[in-house]
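Just so it is clear, A, B, C and D label the chains in written order, and each chain counts residues from 1 on its own.
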């Protein structure tokens, strides 16, 4: 009985008892969710355009952040460092296409998936060899002051992160829907052969999409890095983005955003209100459980397209 | 070239369906068995501990995952979690019932893993492919968390580690600090041999065909009367049983003690690498893949010394990681169907020698 | 030509035979020509008696296998006896009587083999028919043999019999093996094989002594079988063979070749052919070895490989086809493998046959041959299914010496034999260690051979048939009063006493001036070149030999491609100078070969031309079995012949051709004529 | 050939079957019967709902309305594997073989529902499990023999030419020893000779095993030749049902095939309307 109360009653009483605290928890959750969304976005972009489940997305975030920090440590001004990092990420996209993807055309998705895990190893090793593996602080000059609105404590940094995420998503949406390349990318996502037959070079598309994913990774890297320092564990947030994908669907940009928010908020609330009951640190798996439960009711995810099967 | 099959005809279905219908293959297997039995007489402790025992237990885990992913087509990233169940449950059971034969304990722990597999296989009813793969990560993280956080599983020891207690079979110490590497090797060899044979038997019979049918075309499989849900769940349970026993071996026959880190997501990926590099849908491939993944780091670690090079430890570590990753990519490019396929091609060539086809 | 007895030559071989695992020595005897009785084994003078004996002596050893439902379903001798017994009783119950004929039609199937023996148990005579004959062809055999019963494989054969049944009034009962598709056949005279056996078992239970008593009635003089030969002209003739004919000959040869019950043989040639009857039935019964029936026509090569026979027979055409596929497959191999193959095949060519025949070979060659065995010969034989061959025969027509040497150099004991249905196969056979590609060996054990004054090969043997069924004229024409049998083939013995067959006796002519002219012999020599598909030689009553040649479009086309020669059609290719040069070389080589034989040196080819079109059965130039119709061709192409025997260096011609769709057209050509130098005849 | 075949009782009865996908009507009020041992041809122009009909019969689609009575039992809802266990087997228009397996293994999967030994026995592969495996191997071999595909027994089906794949698929359906065999365009894409072979096999199956067959086929000649009865669908409705001769002369059928305008809107879905199977 006590257990039932502890699980089903007490947390809600706590919430009702301190709405401001709840609001703060939700806001923290939303902001974490935004970060997840950023990483998930990278996944979605690549999956949507090339059907590759890019496990290296998390390491790309790390790699981008490491490069940026490394450049800044060597005295490069922020704006130039960011520009150079973007160039590095584009170069990386070329290299990945040239040395990996090109040779794996027409392979099973699982093989490509495995290759991206291999890629994750390579990027991680290269990044740490170049820039070292100690924790580094990243300061790109994002304001970080706290202020209060209606009794709720807010942080400028978080708002900035949310804003940049929103801008990024808007840009991507426009890119996908209103540019030739964007439409081409969508065509490729539907059918490689068909896309090839209308004359879109697969190579180009891969380079573009991996560059974009690299850029998104950089944005995510800046946010996460500025918040919690640049280190190896940054690549692990990729794992956190995966349940977001199940929730939002592998091919849906809005899904990634909304899924990220749901996971972020849900995870924080669960951790704060139910976590102590279970010994804490349930963040690690709660997102997955949430996603799984969700899947049972909506297997295609929030906005995922229905997969139609023929007999 | 070495194959001389003329005159090897089969007069019964049993002979025709044998695992090794060709005499020369049987000789080869006999030679392998002889080597496997004889190797402790020539190998030192280092080889047994660093290469052979992990090779055996990871082969078993790879077989387990291969049953699920290679044969049934259900991609799983939760191998480490199921191995953890095996490791922790063995610990729990053998400390609770110290007199129970350790092999029985392994089996019991395997069964509990199978149960866990069953539960975490439930989503396979509704989802497939990468969705399912991500879902299986849930088991990885949840189980890892569970064994880390819930003291009951590690008997509330202060360090949070589980340690293999000394256990004997027929008066010979097989686990615990006093068990020699040789003994642990032989026990592992016995377990892996028996379970590999069982796996082979499963995949060449009705169940294997059901699994492969689901893998190749689940709609058609259902229409010829295969129950998809049941078949997938059976694959999840049996796969987890194998992984569970492998996890038990990892703690009890290899490391001696472990924390949840021993079963983290890297292990899941390693095992997945093993089956992909070894060959999806091949028992032999599971062994080849395990050998590859176990040996490559050993070689990479030892290579600099071999060439008389010295370098900073962490630099070496980083280079190792890069090389390992590159090797994986290189291998996937060169032979996406795995070592087993290479083996098969070689064998086919030898059978057709000197003809190309 | 002198009469040549093969007997003394072979009498030197003292061969002892051991029967079975009991180690019981039945008989060790000298090979002597015996007239009728299978001396010393009179109790085993019929196949049914042999079966009874084998079922005791070799009871649980395999007797026959059939690949069916994916595995080699094996019957032991004991089981075979059961099957035959049930079948014989069933047939008896159905009314088969002593002296009746029983037609057997189908692919090689144990059931059909059993029905032949079952008929013999009852004193009836099996008449196997070619399973691929159309109903019309079958009608003659069934009607002529007056078969009352027929045992057939399946619906296909039943349908044929139903079609001709009205024309064969004697045909009463039809038994079929495979019930597939027979569900709606309600005719009362149709019986399922299994049902018949069931009926037989009931009959047997009621008359337990019947079966053995019937077998005991049989003697060696009884007619064992009637085999219809597919005559090139006229109607087939039924060769009547007694048990003594069959068994004595089979035994003699089996002992000569030391066949034991451990042989493995694949029964894949038509059951109506005498060879199959001797190898797959008679010798299997006398030696007790197991015979395997392939799964289907499409799987023979694979089945051959699985069984890996020790005793094998194939007509030259099959060996030729196998060699061709070997060469094609090797062409596609990697550079390294191809070169290795070629290198070791050269070694084999040098040393292989000598090693096989036990002659002295330089140590280095022996060593290289050993390496070659591991790398090439062994695997090659293995992929072909020839690994275990101890004895392989080829007969029926001449085999190209390249082909023949190829197999022998691999270490396969391939031998030629010369035989006839009327002799129960064996007339001459090549002894181990004395094998030459262009002869057919020495007289088989028990056979005497002589060459008539007209050059015709004649023989006398225990296997000489009784008579042609219902055809005394033909019998008289074939057999002389004193028991010599005419073969209709022209030939001569070489200095080692080996018989050399050169042509059909009636086709052999004379070049003006007296040299023997054997057109087919020359044509065959030409055709042994892969580039030459067909050849027609002329020379009878003319001053010299001249030939028409058809190039092989595949082989020459391939050659042309390698030499960057462009061509659009057969005609264009055939007219190329380079092709003429190629063929010229071949002709010269043939001439050199002819020059070696004193009898034939005068018939070397002086002039030839390459025809502008392929000889075609549709145009009447070939028979349906692809034999050249020399007379017809000579008439049709008089212009060309005149040119060959004139001094023109080219000749224009216009020919009617029939296309595949049946329409006709004309082909025009301006043909070059090649002149070839002749080689000097040997001093002899 | 003298046919002594007895068309038996009603094996399957479909009453007022309607099926729609997202508002598109694939079948409207279709009723017909399939009798024991008969060969029923289902024909109709593209988009007539023929494949949908088969999918309804073996439980792949669940009709919005209507009743299906099979072997005397009326059912509402059935999963395809249940249909298989009750003796309904089928082949597909687009070959649905298990590409990674050999011909033999593909055919053996057809026996799966008849095998009883559990996985423990199978893991041992001794005694009863082995015996069972061998018995079913023999059954599969009989089908291989029946369909004359001995030579490709151990070839992975992916390597086989189209015509042979179709034959293997038929074999897989046959090894299940079905009472009702549904064939979805068994001769699509075949050349004349292959078609003749397939016809012979279909007739033989019907004849030898007494299997009831319902088949969809585009080749009118073939359908008319081998069917005992023909049902004609057009735009999801049944427009004729009867012997081949009756159907051949039916004015509605002629109109349908000649494309005479209809009062039904022509935006009905294609024949093999995608099944909205909500699985990612």
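Everything below uses one rule, namely that a contact is a pair of C-beta atoms (placed from the backbone, for glycine too) under 8 Å apart; a residue touches a chain by one contact, two chains touch by 3 or more.
Small disclaimer: the values here were computed from a predicted structure and weren't measured.
S.K.: Please work out which of A-B and B-C is bridged by more C-beta pairs in contact, and write that pair.
M.R.: When the contacts at A-B and B-C are counted, A-B has more.
S.K.: Would you mind checking which chain's C-alpha centre is most distant from the centre of chain C?
M.R.: So the chain farthest away from chain C turns out to be A.
S.K.: I'd like to verify one number: the distance from the centre of chain A to the centre of chain B, where each centre is the average of its C-alpha atoms, in whole angstrom.
M.R.: Chain centres of chain A and chain B, defined by C-alpha means, are spaced 32 Å apart.
S.K.: Could you tell me the distance, in whole angstrom, between the mean C-alpha positions of chain A and chain D?
M.R.: Each chain's C-alpha centroid was found; their separation is 48 Å.
S.K.: Where the centres are mean C-alpha positions, what is the separation of chain B from chain C, in Å?
M.R.: Their C-alpha centroids are separated by 58 Å.
S.K.: Quick check: how many Å separate the C-alpha centres of chain B and chain D?
M.R.: Roughly 41 Å separates the two chain centres.
S.K.: Mark out which residues of chain C touch at least two other chains, giving numbers and ranges.
M.R.: Chain C, residues with two or more chain partners: 70.
S.K.: Touching two or more other chains, which residues of chain A qualify?
M.R.: Only 250, 299, 301, 309, 311 qualify.
S.K.: Using the touch definition from the top, which residues of chain D touch two or more other chains?
M.R.: As it turns out, chain D has residues touching two or more other chains at 60, 92, 96, 137-138, 279-280.
S.K.: Could you please specify the touching residues of chain B with respect to chain C in the complex?
M.R.: That would be residues 1, 3-13, 15-16, 351-357 of chain B.
S.K.: For chain D, which residues are in contact with chain B within the complex?
M.R.: 58, 60, 79-81, 83-85, 89-90, 92, 96-101, 105, 108-113, 115, 117, 119, 122-125, 129-130, 133-134, 137-138, 172-173, 176, 279-280
S.K.: Can you list the residues on chain B that touch chain D in the complex?
M.R.: 12-14, 17, 126-129, 131, 198-199, 201-202, 204-207, 209-210, 212-213, 215-217, 219-228, 234, 238, 281
S.K.: Which stretch or stretches of chain A touch chain B in the complex?
M.R.: The touching residues are 53, 99-100, 103-104, 107-111, 113-115, 117-126, 128-129, 133, 239, 242-243, 245-246, 250, 278-282, 284-285, 288-289, 291-292, 295-296, 299, 301, 309, 311.
S.K.: Please output the residues of chain C touching chain B within their complex, sorted ascending.
M.R.: 65, 70-74, 264, 292, 305-308, 326, 329-330, 332-334, 337, 340-341, 374-376, 378-388
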